[in-house]
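Report on one structure; see the data block that follows.
First chain written, first letter: the chains are A, B and C, and each begins at residue 1.
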Amino acid sequence: MKIPYVLAAGLVYATQCQGAVTLYGIVDNGYRYDKTEGSRPVHGLESSNQYASRWGMRGTESLGGGLEAFFVLESAISTDTGTEGGNRLFNRASYLGLSGPMGTVRAGRTTHLAFEWAPGIANPFGLGYGRAQLGTTFAYNDNEFGSGRVSNAIYYYSPSLHGFQGGIGYSFQVNGSELPGSSANNRMIDLALRFTGGPLGMVAAYEAVRGAAGAARPKVLTLGASYRLGRLTVNAGYGHLRQSSGTAFGVGADRSYSVGGSFDVGSRGRLLAAYQTASASKLDNWAIGYSHALSKRTSLYTFVNWGKTSPGPVPARLRQSQFAVGMSHRF
Amino acid sequence: MKIPYVLAAGLVYATQCQGAVTLYGIVDNGYRYDKTEGSRPVHGLESSNQYASRWGMRGTESLGGGLEAFFVLESAISTDTGTEGGNRLFNRASYLGLSGPMGTVRAGRTTHLAFEWAPGIANPFGLGYGRAQLGTTFAYNDNEFGSGRVSNAIYYYSPSLHGFQGGIGYSFQVNGSELPGSSANNRMIDLALRFTGGPLGMVAAYEAVRGAAGAARPKVLTLGASYRLGRLTVNAGYGHLRQSSGTAFGVGADRSYSVGGSFDVGSRGRLLAAYQTASASKLDNWAIGYSHALSKRTSLYTFVNWGKTSPGPVPARLRQSQFAVGMSHRF
Amino acid sequence: MKIPYVLAAGLVYATQCQGAVTLYGIVDNGYRYDKTEGSRPVHGLESSNQYASRWGMRGTESLGGGLEAFFVLESAISTDTGTEGGNRLFNRASYLGLSGPMGTVRAGRTTHLAFEWAPGIANPFGLGYGRAQLGTTFAYNDNEFGSGRVSNAIYYYSPSLHGFQGGIGYSFQVNGSELPGSSANNRMIDLALRFTGGPLGMVAAYEAVRGAAGAARPKVLTLGASYRLGRLTVNAGYGHLRQSSGTAFGVGADRSYSVGGSFDVGSRGRLLAAYQTASASKLDNWAIGYSHALSKRTSLYTFVNWGKTSPGPVPARLRQSQFAVGMSHRF
């Protein structure tokens, strides 16, 4: 429950429903058309086009002295079919933590730092708009890095100082439960720094995973910058994958690049465009999108994506195109 | 969250918890005895006897100009064992939409029109009371028609005009995700019209499914009418299944009939009785039920069903009887 | 939603959000180290150390005349990985019932009486603190007894009379759905009595399961007592398992003993220590724990457990040790 306000006789009284549980989410469904070279097109009603559909609970509790306890339980859902995502109830987040003047500590399953900080800065489309999302050619969200979310993790976020914030995290086992013997687990170290001040945004994130002896030890660096000039925001990004097992697109090392921008059309519209490419795996994507806010919580959107994709670990430059039109609603 | 009321100093102030999320549901558990000819009886604690047990979230947002955005996420549960229904989190509903003076558009997983409108008119027991539910001999809820719920669907509901309301819907794939090539999917077209005015209710619904080349193309028509005479309401229904694959009861075409009524006993009680039958699959059911409202949200119920059933695609007139007593609670 | 309070102009007004749904839960994550003789250690971030992580919905409705309807839907979750527990949505509870001056009736999936009443009296650690929980050497929570939770059950709880309360329950099938023929199901009868008055607590619970002909008919008796002397509370327990199938630790009969105590350190701390052992299966555990309340809802904890365990149905006295430090948060 969010804090509601009672307006009575000219006075405002804050009333709190329950300790502090907020039930929240996003439902996003739309028509989408997907065509990959060599296959028949897939079209129909799809979810999670502009934003990933989800529901969750979150809450905070003041402990005094500026200290706060908090938790998040967040579930991924496919709202076209009603199914849950990732074969687990709370695939998106399940953590608790403490927050205070010295920073924030988080423990549980959570987004890693590149996934959390980089897409919104390196790409106008962030994590949404189908293949326009940054992870289409960037590697930070490959399965090796928990697809962007890691279990069994402890994270520390520094306070923001002159616009700078740092983060450091460790996962004892990226996916699944811990196995006997530390070295049997896919352990991940995560480091990131970001700057947000005035019109400028910058981010650098680094994740490294170490598994069983002899297994690949993938590492990924993600850089991003954005600059706002009135109604226009420009974005650019760079990613560097090394020592990958190559299971995603058949390459052990890769470099990704993104450039794009967004433009506010009136008070409710936003036009977005971007290009991204990965050099070794030979993926790329051109994207144009438009979002129209019906309210703060509800938007209509449309987008077109086209470029080259690869159907798996064997690199193959197949043409792919995508079109969607739909609606997203937050609660 | 529903709107709570603050009573202070003789004044009533409405306060709203959060944007507009309502957490709601029904829990229904009771003792049930089921006997089918040739098998030993099954008895014990069963859920979803009078109403299907469920929990869900729903909300609306006013967009101005009479336009409203809305969403529903609704989960089926077996409250005797704690399990979720349909092997998916939100089996009952997961959709969003817009509603306004020109009608309502809904997109996602939802009930189809026969399932939504016909049972409450064609049958005093509607969708509940065990084998007394309309779908026992009617075919609109066969697996071919998504068991009454379709994924990947877009629906339009007209406004109500002089008591008449129309609906039209299309599902790109009734169950599961869309496959490459339109014709590989089980697509459904759905049309319905209903009238509700004074004591009279009428409904006509038609669903047609088209799958892969060579596959069956099942079609089902469902008609219903009800009339209220003081404390008594009488109901009648007719269903016509054609071109079915016959996987439900071994017949490609079938006609179903229902007749029954309900009688209000005092201000809290309701007595219900009905008969339904399907001619080709040779199913039938006699039903008597009673519901006693402890409050607006809580009821005690009991019912008896007896008739002929078929254990699957091979038609066989096996005697079946069913008895239940239990309690349902809405929240 | 719990009942919130509006404090305005020196007056307290109670306002109620929604009929009466409370969304609640516990998130508990911490670092844990587990070492069993002959295996490599397992360590990392684990959930449910002090309390089992969960989320749920519950509500009550007054029916007048002192009668109340209620329901609980409660989900077990592993908050280190985001997964649900027990392969079902509401593994912990899904029931409804009526409560009044003559007692309480509950129907659905619920904890059995030994699981609900005994651990908090027989053991300072109750159901938490890793291997310090009473069920480590006691058998009431063996798989034969539904691991402490039974489906398809009806329970009656008497009112409390001079500190005494009795309970009786029956499950038609401990786990899963009922099968044809009563005798094909694992039926459980459950009886318990407890006393709570002043400093003294006492409990006796008895569960007996009867399955298919020829199958084992396990029975378990659990006794417990606690006494509070100022800041100190002492606890003792006794368990007697008979006619077990021996699938848990290879023994058909066993006796368990527990002794321990807890000591309030200041207004926020609690120190706990206990020993428990099972004679035939040759399990035991020594436990020391400490909990520090940051608030009514949030605690930091640490504990150490060491003793003998058995990896399954073949008895083997393997040394096991466990250490944890973490945080739990209620909402």
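The rule is simple: a contact is a pair of C-beta atoms (placed from the backbone, for glycine too) under 8 Å apart; a residue touches a chain by one contact, two chains touch by 3 or more.
Because the structure is predicted, anything quoted here is derived from the model rather than measured.
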Angle of the C-alpha superposing rotation, chain A to chain C, to the nearest 5 degrees: 120
Fraction-based call for chain B against chain A, same above half, different below: different
Approximate Å spacing (C-alpha centroids) for the pair chain A, chain B: 38
Chain A residues counted as touching two or more neighbouring chains: 1, 6, 8, 15, 17, 23, 89
Of chain B, residues touching chain C in the complex: 1-2, 4-9, 15, 17, 22-25, 27-31, 39-47, 53, 55, 75, 77-84, 89, 294-295, 297-298, 326-329, 331
List of chain B residues in touch with chain A within their complex: 1, 4, 6, 8, 11, 13, 15-21, 23, 57, 59, 61, 63, 67, 69-71, 73, 86, 88-96, 98, 107-109, 151-154, 171-173, 176-182, 184-185
